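Just dropping this structure here.
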Amino acid sequence: MNSILPQLLINGIVAGSIYTLIALSYNLIFKLTKFSNLAHGGVLMIGSYVALYLTQNSLANLWISGLVGMVLAGCGGFIIEKTTFLPLRKKGASSMVLFIASLGVMMIIQAIIVIIFSNQSWNLLSIDTISVTYSIFGGLISNTQVLILLIDVIAILILTALFKLTLFGKIVKAIGDDAETAKVIGIDTEKYTGIVVFIASSIVGLAGILISLDAGMEPSIGLGFLFKGIIASIIGGANNFLGPVVGAFFLGLIENVGIWKLRGEWKDVIAFVVLILYLSFRKIKTLKE
Amino acid sequence: MTMIKIHNLRKRFGRADVVNNFSAEIFKNTIVGFVGPNGSGKSTVINLLTGVETIDHGDIYISDILVKNKKKLINNYSFNISRTYQDPRIFDQMSVLENVLIVLNKRKVLSSFFETKKPFNSSKVEEVLRKVDLWGKRSALAGDLSYGQRKILEFARVLAMDTRICIFDEPFAGLFAEMKLIVSELILDLKASGKTVVLIEHDMDQIVKLADYVLVMNAGKLIAKGKPSKILSRNDILDIYIGKDLHEK
Amino acid sequence: MEYLIHLAILLSIYAILGISLNLLLGYTGLISLTHASFFGMGAYVTALLLVHTKTSFLLSVLLGVILVMPISTFLGMISDQFNKNDYMLVSLGLNVIIFGLFNNLSNLTNGALGISGIPRPVLFNIDFSSNSNYLLLALVLLLLIYLFSHYIVRTSFGRVLKTIREDENVSKSFGFNTRYYKLVIFVITASMAAVSGSLYASYFSYIDPSSFSVTTSMLILSITIIGGLASLPGTLIGTLFFILFPELLRFVGIPSEEVFQLRQLMFGLIIVLLMMHRPQGFMGKYKL
Amino acid sequence: MNNVKKVVISIVLVIALTAVIGYTIRNKSVSKPPSSESNPIVIGSILPLTGDYLSVYGVSIKNAINLAADESGANVKVIFEDEHGCTPADAVSAAQKLISIDKVKNIVGTMCSGSSLAILPISEENKVVVISPSATSKNLTGKGQYFLRTIASDADNSKALAKYASEKGYKKGAILVNSAQDSLVSQKDDIKTTFVDLGGQLVAEESYIASSNKDFRSQLTKIWSSKPDVIFVSALPDDLALILKQANTLGITSVIIDTDTSAGTQQLIDLAGKLSNGLIFPFNPVPTNKQYTDFVTAYKSKYGEDPSAYAAEGYDAMALMIKAILASKNGASDDVKKQLLQIGQGYEGASGVISFGSNGDVEKPINIMMYEDGKPIKAE
């Protein structure tokens, strides 16, 4: 009985690569705006549904509709930031008020998508395109999955380069660490926040497109994937840049390898049990200091 | 009899020794002035004393009980200490009356469950609020008060708590002249009723007027202690405080 | 007329949930998304007892509360160690986990098949199968819980809760064991949710895990916030708004399903607008 | 404080206003139409029109019901109410509203077994005839004197499938089920017990929760590791299509049997295409019978898309309901029920030959079908 572990590992890595994009982009925004932004899950869906609309009406091939999806998701995130969250922050709204407002925005985006596209779940590639699969160390991986891994690696490299090496990245880090002093020394924090939100939103739009390429997309999935992204960015350690990447792959692997012993219906439960265990250990560690 | 004994206290934030082996004694039923330029570590010593910060090294004895505060916040109430903060920490979205009433609450959950709004001590609250002339504003939200009024409200709260040791962190900041007079009167009353008062203040006139004893701190160390009149006229003290060139002229 | 009675019963069930969450969030500042799980526990205990045993309705409500108390104490202790943002995520996680238990432990809860045939109570020889009688039962329980909450808020206990909401460290320095206070109010509100769960199970005579999911917790949260934090009458207004409004949509002439889609769009819009202009909700006295 | 009062009062006024206006419009159009015809037959319908993935089927059934109403030629007024994704509470609200406000005596609906169970107490108490087009759970059988179904309870389908599998000599069976959908869970239970009773060996049982994640690969990997001869899948078409795709990428070659009749609709072919080849599923309408093909063409011409699962059953339920009401004396429920039982014997409906049993369940001839490049053929 050839062990199924390699296949589960491959599934975990592919899931992890999608969680990475969500966790990274969520973390970028969280560090600047300091609140859990549920609208990020809505922006994820904007990306995938724009791509669906373009491919469905054959207005563009897969690549172009993917890019357009990303850019529009970026604009969507940017517009939401400027019209809703910025004025709220200007009014001195607390992080809880911002969280509830983001819940409202999420409901709006989901409702609009359901009105236009209905609740039907779909896959970007017409399902019956038989995908070529390669076998590596005992497991099978389809060409779409390889594509997803490639895109994921490229995205991580670009983001790390952008936020770690460039001056722009340093400024963003400064704002993240202490927005007040950043303002004092003349950085236009709102402009940078806007740019970072645009980048992060297009990345999460990319994640939406990859989900609809790989497994399948449906209006009620956005929030679920966002929670996985949030958990990944927390357990990966939100303070260093690549923390969420580690957290995302860890979560992807735990969920998929976990199914070896448990049934698939426990998938969501596993993710949150991991979160609560992590937070409790982190708490015990700080108490011991 | 020493009410508070501090023995070579040390506290480090990052690489800076904010307080390094600071020792002092505060005697019972006296008003102690605690002076020093900004950033000399005065507030940190007080925070260590009231458990807001954990002690890195050194011991604090409060009425001869060694303060063991591994946990972040010791329960000041059990050590019979009450304090105000440089930036007043009052309950903004509660009324002025409730801000003071809370300290007279029953502490145990069960007993507080059966203590309804009309407690006996509301007369005590009225007395305290009248003293600081806030009774008129008692139903206003604490958050809507001016900075001076917030300071006064926190001061009133310490009065209402009636603890043996009262620590005031710049109580006179932001007050009008006649309000300063009222506060200094009240501090003297506290001493008269047997309390021990620690006063962190930059307003030297008040220190000279009120303090029986002064501790001068700079760069985390205690550099002088003694009678205010004697201490504050010394050149080396003035140098640190007002800066060398200024007081030379 | 039956329809209005039905709505009134629905209102009182969700009002109880709203009031209990308001005690937690409006007065103590704890934003908990686990409420639908306690709502579910109460419902399942009553359902299982009424279907499989001959216990009376009141006893089943009591047993529901007795079961929820230790569980909520344990969950309260777990979630208490976290700061505000983590607390909310942990509470959300607990809801997902408990929903998973409801759905997957099928030999106990029948899983997605749910439990049907839950009888209506017969108390002091009044038969509660007619909705008007049931409305009395629901209103009595709502009144009791409302008065109890009104009492809590008026005591020193309630005042300490508000200080925990404002600045917990200062409250601690006054000698209040804030962890214990938070735990007690968490258990009380969980028990209230269990009571409304029992009402829900016996009224609808059928329950399945879908009514106790995270979306229900978010609905209760919206009711509390829109109604008004730290204002019990505000919660009643909030419930009125969230339960009546969708029912009104049934009367609007356009029968197409777009109208029903608009419901969610409208709720989202209202939440955002309210957060912009009145974060404390209609009649609230506490801004988040 | 007073501006808060103003805000609250204005909102309550707005709500009251919309209620009054809505109420009057609704009453005017329903009860006193100026036309000379006798009052229209009022039929209620409760379906999941919003909420999650179920609304795809709810909307399609609604279209089928409207189609049946138009084709009946009678003056029929259908009032649709939303049960918001099969939540029992919403279904009960919808039923209460239909019964007490619109004074409806006949309802075609609720789609899910759970919400049907929830509305039964009210509908039975008010003697309202309810025909469900898609509630298949067996604990609905005999629960309501006025409750009928135009879909066979899945117990018989699952038993037939298990018998088919064991006759084909499949020894090792595996299960993949959407554990959040009640009808699918009961199908899984039935097929599991029957397959094991007939000597089959259950080698793996996996599940997923539909609306949270569409990645079934790890479950399929685990199933495939025990190399089952046959995999019994209990899923609705859109998940089923994704399962077939992911099974294909994992190189799974076992025979796949879907336990839900919904697999037999064009919707699955559109989604899964060639991947559906070899899929075995239960289906009641004889695909070659004229009524089914007429229904599909009529539906397609009216709505421009193919009917989803359960639409045919909805169409038959409506048609039967209208015929029974017309035949009955002034629509008294007992009489309508009697007529339904009479008309509904060997009734050649779009969803197959319908003959109601005394308990309102319908026994339909069960056809086990298989897809052969997009065409359903009888699996031998």
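We call the chains A, B, C and D, going by the order they appear; numbering starts again at 1 in every chain.
The rule is simple: contacts are C-beta pairs under 8 Å (C-beta built on N, C-alpha and C of every residue); 3 or more make two chains touch, one makes a residue touch a chain.
Because the structure is predicted, anything quoted here is derived from the model rather than measured.
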item	value
Central chain (by mean CA position)	C
CA centroid of subunit A to CA centroid of subunit B, Å	49
Between subunit D and subunit C, distance of the C-alpha-averaged centres to the nearest whole Å	32
Subunit A and subunit D: spacing of chain centres that average the CA atoms, whole Å	35
In subunit C, residues with contacts to at least two other chains	103-104, 261, 264, 287
Residues of subunit D engaged with two or more neighbouring chains	50, 55, 59, 179-180, 207, 209
Chain contact graph, described as a line, ring, star, complete graph or other shape	other
Set of all touching chain pairs, with the criterion as stated earlier	A-C, A-D, B-C, C-D
Touching residues (chain side subunit C, partner subunit B) in the complex	152, 154-157, 159-160, 162-163, 165-167, 169-177, 180-181, 184, 230, 285-287
Parts of subunit A lying in touch with subunit C, wherever the complex brings them together	35-36, 84, 87-88, 91, 93-101, 103-108, 110-112, 114-115, 227, 230-231, 234, 263, 265-266, 268-269, 272-273, 275-276, 279-280, 283
Complex interface listing, subunit A residues touching subunit D	1-4, 7-8, 11-12, 15, 114, 118-123, 126-128, 130-131, 133, 140, 142, 211, 214-218, 220-221, 224, 255-256, 259-260, 263-265, 267-268
Touching residues (chain side subunit B, partner subunit C) in the complex	50-52, 73, 75-78, 83, 89, 91-94, 98, 101-103, 105-107, 109, 112-117, 119, 161
Of all residues in subunit C, those that touch subunit D in their complex	1-3, 6-7, 10, 103-104, 106, 111-114, 116-117, 129, 200, 204-211, 237, 240-241, 244-245, 247-248, 250-253, 255, 257, 260-261, 263-264, 278, 282-283
